[in-house]
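Below you will find the structure I want to go over with you.
By letter and in written order, the chains are A, B and C; residue numbering begins at 1 in each of them.
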Amino acid sequence: MTAVNPVTKPAAKESHVTQVRLTKRSPAYWRVTIENPPVNVMGPEMVRQFQEVISAIESDEGIRVVVFDSAVDDYFLNHSDFMARLEDLTSMPAGPTGLPPWPDFLVRLTRAPVASIALIRGRATGNGSEIALACDMAFASREKAILSQWEVGVGMVAGGGPMARLPQLIGRNRALEVLLGSDDIRGEQAEAYGYVNRALPDAELDSFVDALATRIARFDKWAIANTKRLVNTSLPPEVEIGAGWDACIASLGRTAAQNGIKALNARGFHEPGEVETRLGYYLGQIPR
Amino acid sequence: MTAVNPVTKPAAKESHVTQVRLTKRSPAYWRVTIENPPVNVMGPEMVRQFQEVISAIESDEGIRVVVFDSAVDDYFLNHSDFMARLEDLTSMPAGPTGLPPWPDFLVRLTRAPVASIALIRGRATGNGSEIALACDMAFASREKAILSQWEVGVGMVAGGGPMARLPQLIGRNRALEVLLGSDDIRGEQAEAYGYVNRALPDAELDSFVDALATRIARFDKWAIANTKRLVNTSLPPEVEIGAGWDACIASLGRTAAQNGIKALNARGFHEPGEVETRLGYYLGQIPR
Amino acid sequence: MTAVNPVTKPAAKESHVTQVRLTKRSPAYWRVTIENPPVNVMGPEMVRQFQEVISAIESDEGIRVVVFDSAVDDYFLNHSDFMARLEDLTSMPAGPTGLPPWPDFLVRLTRAPVASIALIRGRATGNGSEIALACDMAFASREKAILSQWEVGVGMVAGGGPMARLPQLIGRNRALEVLLGSDDIRGEQAEAYGYVNRALPDAELDSFVDALATRIARFDKWAIANTKRLVNTSLPPEVEIGAGWDACIASLGRTAAQNGIKALNARGFHEPGEVETRLGYYLGQIPR
């Protein structure tokens, strides 16, 4: 999220068009669709729109289920937009939890009294993985989903809570493989590790998630909210999510991360092509 | 556990015959067999008998292993008996932990200085799932086991601790799928999620569990008890189990649960037949 | 770790040759190779050498990855050397954590600011399993790895922390199956349970681990260390590791463990052969 000598193109002016689109399939069943083509990176404007979305979810009495999906082929939600100015993000006011806007959004999503489901088709890197971890459930395309926490590979620390959330979900050993290895994890491996609930054949994914969301949307909101409230006693303390964010920002100020991002930029980062498609591989190729 | 306008039959007088049968295969290896035909629901009398069983387990010096199984075809242990009067349950005195008798039994089972194993053949819904989660281990029939926490689907909150126990066991994402989805989970899926230790071919299940129980029954009780004591440091606090029970009782007083149970009763709940066999499906069919 | 009437041979004089060999493949990528033929048991001298290794790891600024492997066929790292005098172990001074040397080593390994990987080929029993659990990741040979916590089967309690670590990693139900069942767990089952990250075909194991270690060794140490630091908030408290050690030492003073070890010794324990190869089976055969 910092402009690191963008070699291949000038810092893009960020569009204020809708990047996070809210659709109400019914009063009880909402969809949040992420759309920032061509590769669905997340800049400050998208973070601002996620803030609006979570406020809408929290203040509505009818919503019982929200599904997060993507309108961009091959990308569920990608890493941050390093062409944007870091200051545009760090200058945003803290959210109601006291955390900066991105971790604030994630923490509130986890605590919201509705069922949340990530429908993962395409790449869920960094932020995309973090939103899946913040949701109550995640279902992935067996053929098309790629999850990754790529940060250590580029010299960064992840900012949206995976150090706090992944060990509880998939065990410390596999969490450290994901985090320190920084490699791409395909749908089937993600399912085997418990990183997602299930990986489904791509052709069945939409109907499976839709059927589950429709089912839960008919159940009683009080029962959903109280069951989730009691499950949430097992969440990591929010101070851990905040500490992860602080480490992420600190990492961005270091030479290792700046050089890493610069090297990726020189090869076509943020654009459709090999680097984005095979990010795990290219992280292993950065000259150090 | 509340008489909710039983449409299809009068409130049954509860039998005081043995519903929870204790058999000592040897001084060290006990069996607890659940038998309340035709569909193995749990009413106040069964809870009282579980109290007797756990007191016997706690006070015996020779017991090292206890296996829970069922004598009723197709049902390991089912949901509560909603034809019984709720007051017959809520008026029972608290157990030694200070919790009401059902969560008291479950907590004491988890803490007992003996190995406990659930042998799951048939439906383990609500209470049946909760007893499996309270046991040290659970082995399921691949063909015949069905686990479910069905409560949210009928407008209730589960009363025996799955909100506290499932996230630790299978991860928060799969725990919320089980709890909020309220659907039937077959043996193979239960194994893949870690909900049970293993799902075995039905023809091998009995001999596998018997061999394991016989093996452990020959080991030293002090070593078993101290190993388990140290494992138990990772248990959720008992106050969470109590909070779940309170939410369950509160849910039973609400219209949503009362209407849900009434709708199931109208279709043959508590009786052999489609509703009990395919409960997950019928929860999706209740008119709201 | 106590001389329990060694029936078949005199108490061996312990060799002071190198049993834990440190090799630097590069300044950033180290190997620690365990070699105490014929069956890779761990006596006091090996514990002393593990202390040296962990001090070297902690004090070096260049190291980013350490891989633990074995130079002894069929044995990654085995149970303790019960031919050695227990006093030689218990008289060793506590390590920097305040814990005795073996749990001190394990706790420091888990907290070290480098990635640690266990490459498991052959038997990882007791200490071998414990070092795998203390490492950040573990990869096992599908054909040749055997993990086990065998202690309860011989009347002991495990001393290196599995009661604290296993429930978090594989769930309480499978942790208790491993610990109370005391049986041999093959690579494939270990993978299914999450006991190891992955089980790989034996022919691919070395190259897989080497590629991963080489990859991580090129990443930034600050990013590795800070990511791991934040993951480590989820570790069990060290006091639990200490309590496990105390229970282990107490178990060694009891008749059950002394008789169990004596019975195994009488059949060829500590020597190449059936008892070591099929330890899980023979634990079920000890006369009681």
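Methods note: a residue touches a chain if its C-beta (ideal position, glycine included) is under 8 Å from a C-beta of that chain, and two chains touch if they have at least 3 such contacts.
Every value quoted in this text rests on a predicted model; they were computed, and no experiment measured them.
Arrangement of the chains shown, judged by which pairs touch: all-to-all, with no pair of chains left without contact. Matching the C-alpha atoms of chain A with those of chain C calls for a turn of 120 degrees, to the nearest 5.
For the pair chain A and chain B, the distance between mean C-alpha positions equals 37 Å. Multi-chain contact residues of chain C (touching two or more other chains): 168, 170, 194.
Those residues of chain C whose C-beta lies close enough to touch chain B in the complex are 151-153, 155-158, 163-164, 166-168, 170-177, 179-183, 193-194, 236, 240, 243-244, 247, 250-251, 254, 256-257, 260, 284, 288. Within the complex formed with chain A, the residues of chain C that make contact are 115, 135-138, 168-170, 194, 196-197, 212, 215-216, 218-220, 222-224, 226-228, 230-231, 233-235.
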